[in-house]
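Down below are the structures I want you to see.
Note that chain A is present in both complexes that follow, paired respectively with chain B and with chain C.
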Partner chain A sequence: MKGRRATGVIVVLAALAALPLFIRSEYLLGILSVCFIYGIWATSWDFMSGLTGRENFGHALFIGAGAYTAAFLNGKVGFAPWWGLPAGAAMAGGLSLVIGIPTLRLRGPYFALAMLAAATIMQRLTLIFWQYSGGEEGIPGLDPLLESKAAVYYLCLGVFVVITLALLLLAGSHWGLILRSIRGDEAAAQAAGVNVTFHKIAALVVSAFCAGIGGVLYAHYQEAVTPDVFSVALSISIIIMVYVGGIGSLYGPAAGAVLLALLPELLRGLGQYRLWVYSLVLIFILFFAPEGVIAPLWRRVTGGATGGAP
Partner chain B sequence: MLNILVYGAVTSAVYAMLAVGFTLIFGVARVLNLAHGAFYGLGAYAAYVLTARLGWPLLPAAIVAVLFVAAFGVAVERVLIRPLRNSALAVLMITIAVGLLFEQAMYLLFGSEARNVPAFSNATWSYAGLDVSGQRLLTLGFGAAVIGLLWLFINRTRLGAAILALSQDREGALYVGIPADRIYAVVMAISAAIAASAGVLTAPFLTVQPTMDLLPMIKAFSIVIVGGLGSIPGSILAALLLGYSETIVAYAISPAWTEIVSLVAVLLTLILRPAGLLGKRAAF
Partner chain C sequence: MTPLLEIQGLNKRFAGLVAVNDVSFSLAAGEIAGILGPNGAGKTTLFNLLTGFLASDSGSVRFDGRDLAGEPPHQIVNRGLARTFQLCRPFAGMSVLENVMVGCLAPRVRHRHAPRARARAILEAVGLAHRADAPVEVLPYGDLRRLEIARALATGPRLLLLDEPFAGLGATEIEPISALIRRLHASEGLTILLIEHRLREFMQLVSRVIAMDFGRVIASGTPADIVRHPRVIEAYIGRDDEVSETGEPPAGEPRGAA
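What follows is the complex of A and B.
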């Protein structure tokens, strides 16, 4: 069983790595790069919220923090674009502490509500303090991280695969078990001597850090950043991708994000109705496939239960 | 000074109308309704369609708009929320999907430009250098009246007693034969109707746009957290606190900073007094 799973992973990765040899269209490579960035966001969301069961309704807060930090350093201060990666990730991680420490010590819906509020208010702030953030237009004219589209494709694919594998390893480790025990029964985990608050906040920091990296990649891919990176629509799109993939499995959301991000691009003219389609997909999933679609399918194809899933 | 007093009261009344419904449905049915902003927005859009597109006079249009949103709220509760009620996360997701669908539907039907809803009163009141539109004063009066009526309804009627019982002890209420599902529908209708009437009343002086649902909802749950989840007096107190804080910040510093007030208030509350001003300690 383990052999079939490893073969499956290698086949998928080899196909993705070989794709630029066949696809000469820069446009298509660009779309795929964005799909991988969505994959980073969905996997990092699932690591915190899927494992511990504390739903984060403002993942865009971390994405936007990474993207705006990178854009500010590169576009306003004039640093080389690579500085954005550590700085953006650190900014996202720092913000996660500001929201996480007051809200995650509590049970109840405080964390979900505070994240949604924080992301929305940050989006308003980018409009209000337009002297620094560029307002509605954002910060244009950023340098790309790498010159050729194929190189950017490999960069995004590489970061996506590394982050997904690292988070899968963490989820399969002892720490992952602790995080899942919090979702199962927080009071029981606490009674067993687990410092639940610390572990929840640590998971959030890891999740925010990865989302921030994705935000930096996105800003430099677009060569611009707009307030939309903080939008609720982005946060919700990511959650929908996780649901379609299968919450808590990490690899499901990774694949779900790539496929769902690709779907509206493939069906031309659907782009405008993207959120409309997404919300209908979400309602369908909630009622008819609460386990998601991709992770259960993958388990059936490769046989047996795979790691990561509860 | 007088400016702050009057405008602060108007803002507080709007916030209270939004927060009371949000906290009521949470306290009674344990539903965190992220479609609450959509009810507010739908009220404004319904009034716009009835007055501007169908040419109705304002008063019947406003009443029909509010009733329509109340019915919509009941339908959402009945069709989408009830089957998923045993999973809190699924309820959150389904209500946020409703909010998203509202935004997209309004965007497709009416475009992104701001729409106008006529005001009940075009008079302006001037007193000691202060100018307030009649519509704002009407909003203040209506908000105060609605909350007073809600208070009487919950504390003085049989149905209100059933609502209170359900919010205090769900199982106990079921044992004495209170029909929980029917009460949830009633509470959802009340909650949606109050949000929609806030939408209709504020539409003339705020913007009616597809994205109008988000900020009021964020304000509503900030207030509910500050006041204590599930506590109606708490959310009225917190609405006054936030309404006046924002107005004071707008006058003393700049209107740009008002958006930060609610976020700071939420974080401070959660650090210093997580149960909220008037919340029960068992709430967390």
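What follows is the complex of A and C.
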């Protein structure tokens, strides 16, 4: 069973690593790079919200924090683009403390709403402080992290794989067990000796840190950043990707995000009907497979048990 | 000898209702005692005050010589005071073994014992070893009650608070759980305080009964004394129209048990 899973993972990774040898289209490699970035966002969302059950309606806050930090340092200050990675991740992690510490000690919808509000407020602030953030147009003219599209593809794939595996390891560790107990029953977790507030905040910091890295990759891939990175639409589409992949499994959302981000491209031939089909596919999946699609399918193929990490 | 648990003048009010009213008593280390009282007497609220799930309005709780005022639930657990819930609260989406492992990860015990092995040993002790890998969703109610106890035991308590460990169990299921509690007390040297609203289950189990009604302690003594205590008899018989949560009328139990 373990062997089949390892084989499955290796086959998928080898195929993704070999892809640039067959795909010459820079456009397609770029699309795939963005798909991996979506994978980072969905997996990091799932680590906090899927494991502890506290839904985050403003993951774009962390994405935008990473993207704008990187864009500001590179585009406005003139730092080399690589500085964006530690700075963007740290900014996202710091913001997660600002939101998490006051709201995660409370039960109820405070955390979810604070995240939603904070992302929206940040989007407004980029317009108000346009001297620093470039307003509506954002900050254009960023340097790419790497010159060739194939190199960027490997960078995004590599970061995506490393983050996903690291979060899977954490989810499968004793810490992951503690986080899942909070989702199972918060009061019972306290009675079992779990400091639920601390662990929720710690999980959020890890989640934000990874999302911030994704945001930095995104800004430099686009060579520009716009206020859209803080949008509610982005936060919601990440949540949809997680649900389609199978919430709480991490690998399901990782794969689900890559595939869903790719879907609009695959449907390009449908022209104007593209968005209709895309939406119908989503509704169909969420309606008929409330457990998601990828994670249950993977478990059936590899013969795994329910729940937990692979 | 100083008592392991010392409760003094504890009060808790919900809006107009006084749920716990000037409660004082103490427990010696190694004691096994029961709290008796009809539904709504304030027994669960008292447990919530002792374990930090609710803050008291006044009064003090000392455990092992230390004042627990203001401590959050997980910290109280880590001092060695664990509880179970009246309604079973397993961690949904996890296996039986994983449920117990969470308790084994409490800082108090995690560095002394490997969590997985310790969780297995505890499941063995409560008679759930054969269910270790089952998801909690498929457990019958009797096994959920055992799991509730196992998870509390996992935190390595000195004092175990059991909130109606027999609730929802049929007559044949009560005796094995009762035997388990006796065993924990006898062989592990655990101090145990348990809640029950039917006096019958207490007779063979506890050495002392603390009877509550309307938030107050109305009597305290051996089960045999309590059965004959006029205020206890009044508390039960005076309200024989009341139906308990398990669907059985608690009325007349003292007479039946006597």
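Note that in this section the second predicted complex is superposed on the first by the 287 of 310 C-alpha atoms of A that agree within 3 Å, B and C clash if a C-alpha of one lies under 4 Å from a C-alpha of the other, contacts with A are read in each partner's own complex, and residues count from 1 in each chain.
Simple rule for what comes next: contacts are C-beta pairs under 8 Å (C-beta built on N, C-alpha and C of every residue); 3 or more make two chains touch, one makes a residue touch a chain.
These figures come from a predicted structure and were not determined experimentally.
When the shared chain is aligned, no partner comes close enough to touch A:3: not chain B, not chain C.
When the shared chain is aligned, chain C comes close enough to touch A:180, but chain B does not. Of the two partner chains, chain B is the only one that A:236 touches; chain C does not reach it.
Contacts of A:78 after superposition on the shared chain: neither chain B nor chain C is touched. In the superposition on chain A, contact of A:276 is made with chain B only, not with chain C. By the touch criterion defined above, A:102 lies against chain B but remains apart from chain C after alignment on the C-alpha atoms of chain A. When the two structures are aligned on the shared chain, A:57 is found in touch with chain B, with no touch to chain C.
Number of chain A residues touched is higher for B, counting chain B against chain C.
Shared-chain residue A:194: touches chain C; no touch with chain B. By the document's definition of touching, of the two partners only chain C reaches A:248; chain B does not. Residues common to the contacts of chain A with chain B and with chain C across the two structures: none.
The part of chain A that touches chain C in the complex is made up of residues 174, 177-178, 180-181, 183-185, 187-196, 248, 306-307.
Contact residues of chain A toward chain B in the complex are 53, 55, 57, 98-99, 102-103, 105-110, 112-114, 116-118, 120-121, 124-125, 128-129, 232-233, 236, 239, 243, 273, 275-276, 278-280, 282-283, 286-287, 290. By the touch rule above, chain B contacts chain A in their complex via residues 32, 34, 80, 83-84, 87-90, 92-94, 96-97, 100-101, 103-105, 108, 214-215, 218, 221-222, 225, 229, 256, 259-260, 262-263, 266-267, 270-271, 274, 283-284. Interface residues of chain C, counted against chain A in their complex, comprise 51, 53, 72-75, 77-78, 82-85, 89-95, 98-99, 101-103, 105-108, 110, 115, 135, 151-152, 154-155.
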